[in-house]
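We call the chains A, B, C, D, E and F, going by the order they appear; numbering starts again at 1 in every chain.
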Amino acid sequence: MNTSLILENVLSPPILFFFLGALAVLLKSDLEIPAPLPKLFSLYLLLAIGFKGGLELQNSNLSGPLVPTILAAIFMSLLIPIICFFILRLKLNVFNSAAIAAAYGSISAVTFITAESFLSNQNIPFDGFMVAALAMMESPAIIVGLLLVKVAGPKERPKERQMKWLEILHESLLNSSVYLLLGSLLIGFLTAAFNPSGVTKMQPFTGSLFYGVECFFLLDMGIVALQRLPALKKAGSFLIAFAVFMPVFNALIGIFVAKALNLGPGNALLFVVLCASASYLAVPTAMRMTVPEAKASFYISTTLGLTFPFNIVIGIPIYMGLVNHFIPITN
Amino acid sequence: MKRLDLIFSERELDQIIKCLESADVPGYTVMKHVTGRGPERIVSEDMEFTGFGANAHVLVFCNEETLKRIGPKVKPILNYYGGVAYTSEASSL
Amino acid sequence: MNTSLILENVLSPPILFFFLGALAVLLKSDLEIPAPLPKLFSLYLLLAIGFKGGLELQNSNLSGPLVPTILAAIFMSLLIPIICFFILRLKLNVFNSAAIAAAYGSISAVTFITAESFLSNQNIPFDGFMVAALAMMESPAIIVGLLLVKVAGPKERPKERQMKWLEILHESLLNSSVYLLLGSLLIGFLTAAFNPSGVTKMQPFTGSLFYGVECFFLLDMGIVALQRLPALKKAGSFLIAFAVFMPVFNALIGIFVAKALNLGPGNALLFVVLCASASYLAVPTAMRMTVPEAKASFYISTTLGLTFPFNIVIGIPIYMGLVNHFIPITN
Amino acid sequence: MNTSLILENVLSPPILFFFLGALAVLLKSDLEIPAPLPKLFSLYLLLAIGFKGGLELQNSNLSGPLVPTILAAIFMSLLIPIICFFILRLKLNVFNSAAIAAAYGSISAVTFITAESFLSNQNIPFDGFMVAALAMMESPAIIVGLLLVKVAGPKERPKERQMKWLEILHESLLNSSVYLLLGSLLIGFLTAAFNPSGVTKMQPFTGSLFYGVECFFLLDMGIVALQRLPALKKAGSFLIAFAVFMPVFNALIGIFVAKALNLGPGNALLFVVLCASASYLAVPTAMRMTVPEAKASFYISTTLGLTFPFNIVIGIPIYMGLVNHFIPITN
Amino acid sequence: MKRLDLIFSERELDQIIKCLESADVPGYTVMKHVTGRGPERIVSEDMEFTGFGANAHVLVFCNEETLKRIGPKVKPILNYYGGVAYTSEASSL
Amino acid sequence: MKRLDLIFSERELDQIIKCLESADVPGYTVMKHVTGRGPERIVSEDMEFTGFGANAHVLVFCNEETLKRIGPKVKPILNYYGGVAYTSEASSL
């Protein structure tokens, strides 16, 4: 069954465009999407995800499994980095371990929307408010990562590298992707509440266009991800194994939490995908600023070069299979 | 007259410019979206969308004294985050 | 009543995104919309405004209050800079006064479309041909500004700065934003007249997408406007007061002209907004070229840093209140 | 009749925007569409053309005149460069002749979509699978061009300029525009076959938006084309005549092949336009890499400065007139 | 061989290039979208969309005589609209 | 310390960087989207979307010996496809 799910997933436009981008790098085609076009797509996607999430949050009346789900999501984004940190410490120093751990505690918005597309292809319902969970998982992971450095790092860190609390909060809450996502969420919420005609007028932009832009962006992500692979090879087999097995492990924890939360299969998959995915946007930029001792190539090549493709291509259908197995449909 | 070329990650641009201003430079020029490789890291265009991948190239024409004020201010930043600084001779047209 | 109008206006997506951008600067988030993306949005908006205006112009059969309205608009864009000039001369030199005066005589297309969105939110009808008035108000203000320099400026201006008539006309009619707006207007007009199926095929691009791109652009405008504020503080309290009171004053003149023209409340509001708004695109670039003696930070920080936010956030609902008060609905 | 067709064609938004761009250059307006926005439009158009072509290819069941049409298209893209080469050799050296010949053997995707818009304006049906013919005509022309250099070129070409077969195939099949077009075609095909809901979700992006982006891109092409004209004047009257008469000549050959293939008037026009159009994207970049001895200004100013505008403005309606004349409608 | 660095507003680019051409430079290189600060004005990226905010950085390698021809041609433009010009020594690789 | 400025078409960027790497440069900086004119060709921004129109400006700070290794590697490429290379003196800040 999983193979048929994988096949269905692979034969959807976003994943096919991802492959097209990756293949371009493999075949040394000169296809490129010059800067700042990828930035345009990523700004658009964050704005649209946030806005749509805000609408649905409003429509959900903030009721049902919303609050426990969000609390569980925050909990996961605190727990996962700690688990990751101890595993990574087996081979890596404190700085690299903390930075990678933070990335895996956080989320990848594009993995999330790929999972949403997958669900709507399978006609499995899910709640838009899951976007709120997504938005809430970015900052805690960053904070845990920085705390790990503070607690486990060398005491003789030069003075200018001693982090101040304010800086940590600033990096974790106000870095552009978190800020735009949360802001758009709020705007979507307010618009749905006070200005329903505004929702209709936004729909062609944030709604109809979304899938196409997603494909365009995934074309670029295919290029970018494959260009990270050489760095991953240099990083060694420990990190390669980590980048594939850690998401699955995190997904498994996620499934049991989802089950405990009594989520339906759609929401459960999204929750699991949030746990399994790793950040290559907000967290890396925050780490770059606050823990320059960590090797950027480590946390980028693992998250972007391997975990991201793994999740969107075969992870999502595998997680769906697991969800179907562990969470009976009567839910 | 001296010419100073500073190359470093765009994320440190505000900090570096503050240093230059506090050293009372007569002016400066900024080229963003620059990429490259240093002794350790490759900075590549394809990661620019993440707020990650680009350097800034800052160019300052100033006299010797100003240059002496700049050095101690920008060097710690370049040492901390990476980046290079080179000077050469120049004269006004 | 005005407060409720203000609230309704503030709770619409474009204004909310404007605030989101402004707040990003205040909170020192690293959110930015890198060049040339703002240019993409502004080119798109001009093209779409022009095209839609052209359609409506065609559909209106060039009849009704069209011609008197346009003549009145041109008159206002000649009158306002002269009034502004004499006020500004109280404190500023000829060059600065003329440049700022020209900016306030001209218009801001984004303020105009925000007013249109406001009207359609309130279900108040208006005529698309008002775009033609908008298009006609850019050039005259530039010409008056340059004439003011010629007439009131120092006689010993160096030779290379003596403006030639051709150059003035070139700058005022062919600068890119005026040109694209007028050109798209003409294309919309011709398409509506000779190729109705072309209109339908353009609709998803120039029509459905418009509101979303407007929001995206206003997000950037929020960033840009707030970054102008420090320069405004330097410019002093005279200019700060000017940037808030002049639009209201111009709006009041506009209301009486609108009343004399017998415009309905929708068209009246748009007319008033044209009078009250100030240009930060066409005029500043034209002034930069022809009157480099004027301080760019003066005319940009006033128009963009204060008048623009003032107009779109509270100006428009205030003007609506005034229109409702002075122009009885039986009109 | 042709004049009325020309007029109808000229009064469509894409052509009007093309004129607007060209006029901006003539009048020295500072209108410009800064890089990389034109790249964004061209990537989008290739992606959308390919995707839509793939859908229609799937829907056509690969049956009917598809295979003979594609074979004939490939044949034309081999034949035309050889004819062009011998004509060009009358005045130009081997390198320039081969490079220009290759450009005319290949195709211009924007000319093609302008022809499609023209047909749908005229309510003349055509088959989407013609895009497959378009995609197949890029590479052969490049290969012929390089072979002509190899065969007819000086034997003492320096070693580093001796082309390897692999390089030729790489340049002709994997340059970014061919690659993106073919890849999107395949993705469209697979999506239509296995994931019909994916087709619906792509439609607002690849379908509804297309016409508007086409207009925007043609605005830029107007600017770019007119900027090529001075170089064309330098290139001399032989090349100017070539750039106008060669397309017509190629179109005539195309008409007889189309007649032999028994194509309906819509498909026939598209086939003829493919023959008549010349590449300014894939071929020039390939030639630049492999035959740097050829003057880039020659092959760009002819294809982009003259043949492209000629085809989209008056070529297409003329070819339509010819098609109507030579291919009786009973077909 | 001399190296000439010119930095000024993009709006004057055409004029400056005309000057360079009329001084018979062997070539030049243009970097657009450059920002910076001079003695008076800050040129910032965020105003670029208005056709306002960007500088151009033009680089010319030429011999001493050509440089002497360039000076009197570009200086009036830089004085009128703002901008800087610096020279240094260079030699062909 | 030496400064090397290389300007050539973006299409040759990978090749040139390979040369620099094989000459063991300590680092390099790349500015893309650069335009200009050489003795023969004008490289203009408006053709950039075709993959045609832009140059890259590569900047290398290195010692004299490294520079000597670079020369013979990059010159054939510049001769084949066009492009220029100039050196000047520089010193670390």
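What we mean here is this: contacts are C-beta pairs under 8 Å (C-beta built on N, C-alpha and C of every residue); 3 or more make two chains touch, one makes a residue touch a chain.
This structure is a prediction, so every number in the text was calculated from the model and none was measured.
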item: Shortest walk length in steps over touching chains, chain C through to chain F; value: 2
item: Greatest separation from chain F - chain, by CA centre; value: C
item: Self-contact between copies chain A and chain D, residue sets same or different by half; value: different
item: Inter-centroid spacing, chain F versus chain A (mean Cα positions, whole Å); value: 39
item: Between chain B and chain F, centroid-to-centroid distance (C-alpha), Å; value: 20
item: Computed distance of Cα centres, chain B from chain A, in Å; value: 33
item: Contacts with 2+ other chains: residues of chain B; value: 11, 31, 33, 45, 51, 88-89
item: In chain A, residues with contacts to at least two other chains; value: 30, 32, 34-36, 39-40, 175-176, 204, 208-209, 285
item: Interface residues, chain E side, partner chain C - complex; value: 9, 11, 33, 41, 44-52, 54, 76, 80-82
item: Contacting residues of chain F [partner chain E, same complex]; value: 4-5, 7, 31, 33-39, 45, 55, 57, 67, 70-71, 74-75, 84-89
item: Touching residues (chain side chain A, partner chain D) in the complex; value: 8, 11-13, 16-17, 20, 23-24, 27-37, 40, 117, 120-121, 204, 208-209, 211-213, 215-216, 219
item: Chain A to chain C touching residues, read off their complex; value: 35-36, 39-40, 43-44, 47, 51, 170, 174-176, 179-180, 183-184, 186-187, 190-191, 194-195, 197-198, 201-202, 204-206, 208-209, 285
item: Chain E-facing residues of chain C, complex; value: 32, 34-36, 38-39, 41-42, 160-161, 175-177, 220, 223-224, 227, 280-281, 284-285, 288-289, 292, 296-297, 300
